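What follows is a pair of complexes built around subunit A, which joins subunit B in one and subunit C in the other.
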Partner chain A sequence: MQKNGTIALTFHVLVLAFVLAPLVIICLVAFTPENTLSLPTTGLSLRWFKAVFAHPDFMASFWNSIWLAALSATLAVAFALPAGLAISRYSFPGRDFLNALFLSPLIIPHLVLGVAFLRLFALLGATGSFAWLVATHIIIVTPYVLRLVLAALSGLDRSAEQAARTLGAGEWTAFRRITAPMILPGITGGWLLAFINSFDELTMSIFVTSPATVTLPVRMYMYATESIDPMMAAVSALMIAITAAAMLVLDRAFGLDRILVGQR
Partner chain B sequence: MTSRSPIPSAPWLLAGPGALFFFGLVLLPLALTVILSFQAYDHSTGIQNTFTLSHYITVVTDGYYLEIFWRTLRIAALTTLICAAIGVPEAYILSRMRDPWRSVFLLVIIGPLLVSVVVRTFGWSMLLGSQGLVNQALQFVGFAPARILYTETAIVIALVHVMLPFMVIPVWTALQKLDPMVEAAAWTLGASHLTALRRVVMPQVTLGMLSGSLIVFGLSASAFAVPALLGGRRLKMAATLVYDEYLQELNWPLGATIAIIVLVANLCIMLAYNRMVEARARRTLG
Partner chain C sequence: MAFLTLKGVSKEFGMFTAVRDVSLTIDKGEFVSLLGPSGCGKTTTLQMIAGLVEPTEGRISLDGRDITREKPNRRGLGVVFQSYALFPHMTVAQNVAFGLEMRRVPQAERTDRVREALVLVQLSSFADRYPRQLSGGQRQRVAIARALVIAPPVLLLDEPLSNLDAKLREEMQFELRRIQRKVGTTTIMVTHDQAEALSISDRVVVMEGGRMTQVDAPYRLYEQPSNAFISSFVGKTNLLAGTWRRNGTTNAADIGGALLEASAPEIAAGTPVTLSIRPEKILLCDAGAGRLEGRVASRFFLGSQWLFTVETPIGIMTVSTPNLGVEPAAEGSPVGLDWSPDNMRIIAGTAAAA
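Right after this comes the complex of A and B.
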């Protein structure tokens, strides 16, 4: 294999610097002892992290986002797994339409989904409830789960399942004992990817959250438009840490490049 | 793929609940929004039940809205161009690395995709501010401090950062399908490195670049967080305009009109681009 030349490597280093710069600056400023957004020059301090944990709004939004992400990722698996089985194993009229319907939230801008949900909820009188917020996040994250479930199912060798059926296992037993364990990495990867995408979502959520159900990204957005102090950097650093942890788990479990390839 | 299952209703039993859910929460709300965009609006009484085209006419004739649409297109196009200029060579360099560096750097480049856009935008607002690191560096080399934050430049820089993974991933995938020995064979047969790059690598890369550009353009044109946080009050893009119409002006029908235009423009560009990519794929792959 041909090695990269000096120019190529310089370019590579510059790109890395560009990609990492905003994340690094956040993590540095988060440790500042000062009252303003500044690099910590006189020493490191955890005061802004303590401020975050003592801030009732941020903590409420954080737990709200965690529950929202966990619930919507789980329910998205509950929808995507049977739908994936139907799409990959049967040919029936409307199959392509169903596939397109389930993947459509990837093509529709989140902004448009946000205003569409807002209109529906206004007509139903359902604005602001947590259950409806979960429903909207299920719509947003189901395509990610479905894609990984479909990929796992299409790469599956079905002879083990057929052997189980030949040996007398029922359809459900064969699925539970043979197929499900075999596609488990796909399901787990899909769940985690769904969790992260729900946890990070801003553009759609900003239209459908109420003061009682403000998610962490929406809270951060509101905070950033009103006041800028290092607490914002501390929250951001915590979010980067959580995402990095999830990313490492995803990478170990499934290979991050495989999960993200083709993701939009 | 076909099953020998005796029950033809099985797929609908499996996919039915999800299909109903998506029908009620994707197609129905979109249809309601389309209807809303044709409903009259009165500032004192709100949304009327009368049909009107006035919102569409306002949006396509009023210079205020046209300027925002034009800015949105310009920023999205510029972002796409810069993403291609950075992402394509970077993907090529990545594909020529050896493991473990290759996997590590791929992770570094596409990993930020999973970090919330609010976080990344906030990072750029610190870097580009009047006292930010970029301005300090400019002053250090002897330039006058520049006003970058709240300009289109700031929006483009942050959008390129957010969108870069979407360009790198498809190009990298396309390169994975290319056997490095083919490029080596071209050199053996007397082709210069440049010729090999142009005749062997580029045709593969172009497909990935086209699909990457499509995603980057679509997402940039409907981006909200970046223009909202880095554009200030004056520099609106389509998404921030919709947000203002809905949550500040409370003129939902007009907001719905702009949202529908964004959606339709997005879908048209995607379809046209898809056609182009497919036609190209047929031509290059025979």
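Right after this comes the complex of A and C.
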């Protein structure tokens, strides 16, 4: 591997520091024994973590967000997988349009989406149920799954599936036994990215959550507008931990490079 | 006895015709090669037999049964892909067992047949490895075992040796032939390598631009190519364009002023012809003693033989001579070229760009 020059190295270190410093600081602040957002100088304390777990609203929102993220990521996979197969394997009229349509939520600002959904739900008279929230999240996380499924499919040697067919497997069996396992890293990676994106989505969710379906980011936002205390840091630290843990599992199972860069 | 028959088979991809009116009859137990440059339609022909590509026109029948529209999983043919197409998430044994599993062969019999197939390709000790842990040659043999274990009526090989290095390729040629002889499966191999096609096939089908241009046994194909393309694609050759003359009782062609004798069927004098003579059919002799005078332009030592390019009044000629253990004519030295007129072949018409 080529070595970095001094300037390049300095640049890399600065970028890394810029990206990681806020995360490190928020995690440190979470352990403060003080009542204000400050770096722990007099010792470490878990009091703010206890406060989070004892806070019924935060816990309700936390579970709400977990369910929401898991459900919308799973349903997004259910949509994106057949869509990806159709887009990558067949040429049919409207194929490019379909591809663009599925990916369009990436380009539209979530703020705009939020306002639009709010207006739509008001028109439909469908306000604030969990199912509607899931529907909106599916729309914004599907592009991530589709991108990764398409990347996995484009790097796939189709002859393995053809070989299975000549060996006596029907189309569905060949997909289930051969193609699906071969693109599993892409599917799993897509699911996880979808999960993470749903889990920390704030901008759009503010508009489409109801008091009964407040997600964790929305809860944090509401809490922070009233008071800023180290409990916010503790919640943030927990969110970072969950995301990092998920990434670690994914890396161990398949290798992040392979999933996100599409190497095989 | 016709076992596999292709009748007027064509394939069009939009405006492009990949395969045009191919008719071919293959006997049981035969080893047939489809030979041609890339893009000649040979792989498409193989895929139509396998059922992976549907013909636009024509019929394919196997053992008297029309299989033109049958799904690949119903045909039961063994296919070895160019990339081998092993299942990366399965072990060697699981790969080989896949076809048996699809046929619902009982577990005990399955294990036995997988073991036999791995013995056949000499990979018994690799049953529990994954494809990524194998070398190219080993993967290729797994692919063959996987295709043969289902006891297919026909084995289809798509450029099976092209991903191997030269030495391994030669070994695998003999290996393929050994396995095919032993199992007796009717085999069709696609290849762009004429040496490969000549060495292991019973018959070779030459394809150019989607059409079949000659179907013959390897020896006949080499000795009696039906056109200029085949004569230069299958082996090396010297192509000489000229005009047919009759000189008393002997027949000869006028090649740039030189009259070269050739045994010929009825050709009218004045007809433009192309003569073809293989490099190994030309003998180098002392200057003045041969049919043609020349000067050695360059020579290449290939181990078992020497390859010369000789400048002659009628153009550059390629000559190959066996290595007889003494150093032959040096570069720049004058030599004579001689040959038996029987080996001077006539290819009708003017030479195509070879």
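Please note the rule applied: the second predicted complex is superposed on the first by the 236 of 264 C-alpha atoms of A that agree within 3 Å, B and C clash if a C-alpha of one lies under 4 Å from a C-alpha of the other, contacts with A are read in each partner's own complex, and residues count from 1 in each chain.
Everything that follows uses one rule, which is that a residue touches a chain if its C-beta (ideal position, glycine included) is under 8 Å from a C-beta of that chain, and two chains touch if they have at least 3 such contacts.
All values reported here derive from a predicted model rather than from experimental measurement.
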{"item": "Subunit A as common anchor, with subunit B and subunit C clashing or fitting", "value": "fit"}
{"item": "Contacts of A:173 with subunit B and subunit C, given as first, second, both or neither", "value": "second"}
{"item": "Contacts of A:206 with subunit B and subunit C, given as first, second, both or neither", "value": "first"}
{"item": "Which superposed partner A:164 touches (first subunit B, second subunit C, both, neither)", "value": "second"}
{"item": "Touched partner set for A:196, first subunit B, second subunit C, both or neither", "value": "first"}
{"item": "In the superposition, subunit B vs subunit C on subunit A residues touched", "value": "B"}
{"item": "Touching partner for A:66 - first (subunit B), second (subunit C), both, neither", "value": "neither"}
{"item": "Partner chain in contact with A:181 - subunit B first, subunit C second, else both or neither", "value": "second"}
{"item": "Nearest-approach distance, in Å, of subunit C Cα atoms to those of subunit B in the combined model", "value": "6"}
{"item": "Intersection of subunit A interface sets (partners subunit B, subunit C)", "value": "none"}
{"item": "Complex interface listing, subunit B residues touching subunit A", "value": "1-3, 5, 8, 10-12, 14-15, 17-19, 21-23, 25-30, 32-33, 36, 86, 89-90, 93-94, 96-98, 103, 105-120, 122-127, 129, 133, 161, 164-166, 169-170, 172-173, 180, 183-184, 215, 218-219, 222-225, 228-229, 239, 242-243, 246-247, 252, 255-256, 259-260, 262-263, 266-267, 270"}
{"item": "Residues of subunit A defined as touching subunit B within the complex", "value": "1-4, 8-9, 11-12, 15-16, 18-23, 25-26, 29, 37, 79-80, 82-83, 85-92, 95, 98, 101-102, 104-105, 107-113, 115-120, 123, 135-136, 138-139, 142, 196, 199-200, 202-203, 206-207, 217, 220-221, 224-225, 228, 232-233, 236, 239-240, 243-244, 246-247, 251, 256-257, 260-264"}
{"item": "Complex interface listing, subunit A residues touching subunit C", "value": "157, 159-160, 162-170, 173-174, 177-178, 181-182"}
{"item": "Residue numbers on subunit C that touch subunit A, as the complex places them", "value": "50-52, 71-73, 75-79, 81-83, 85-89, 98-99, 102-103, 146-147, 150"}
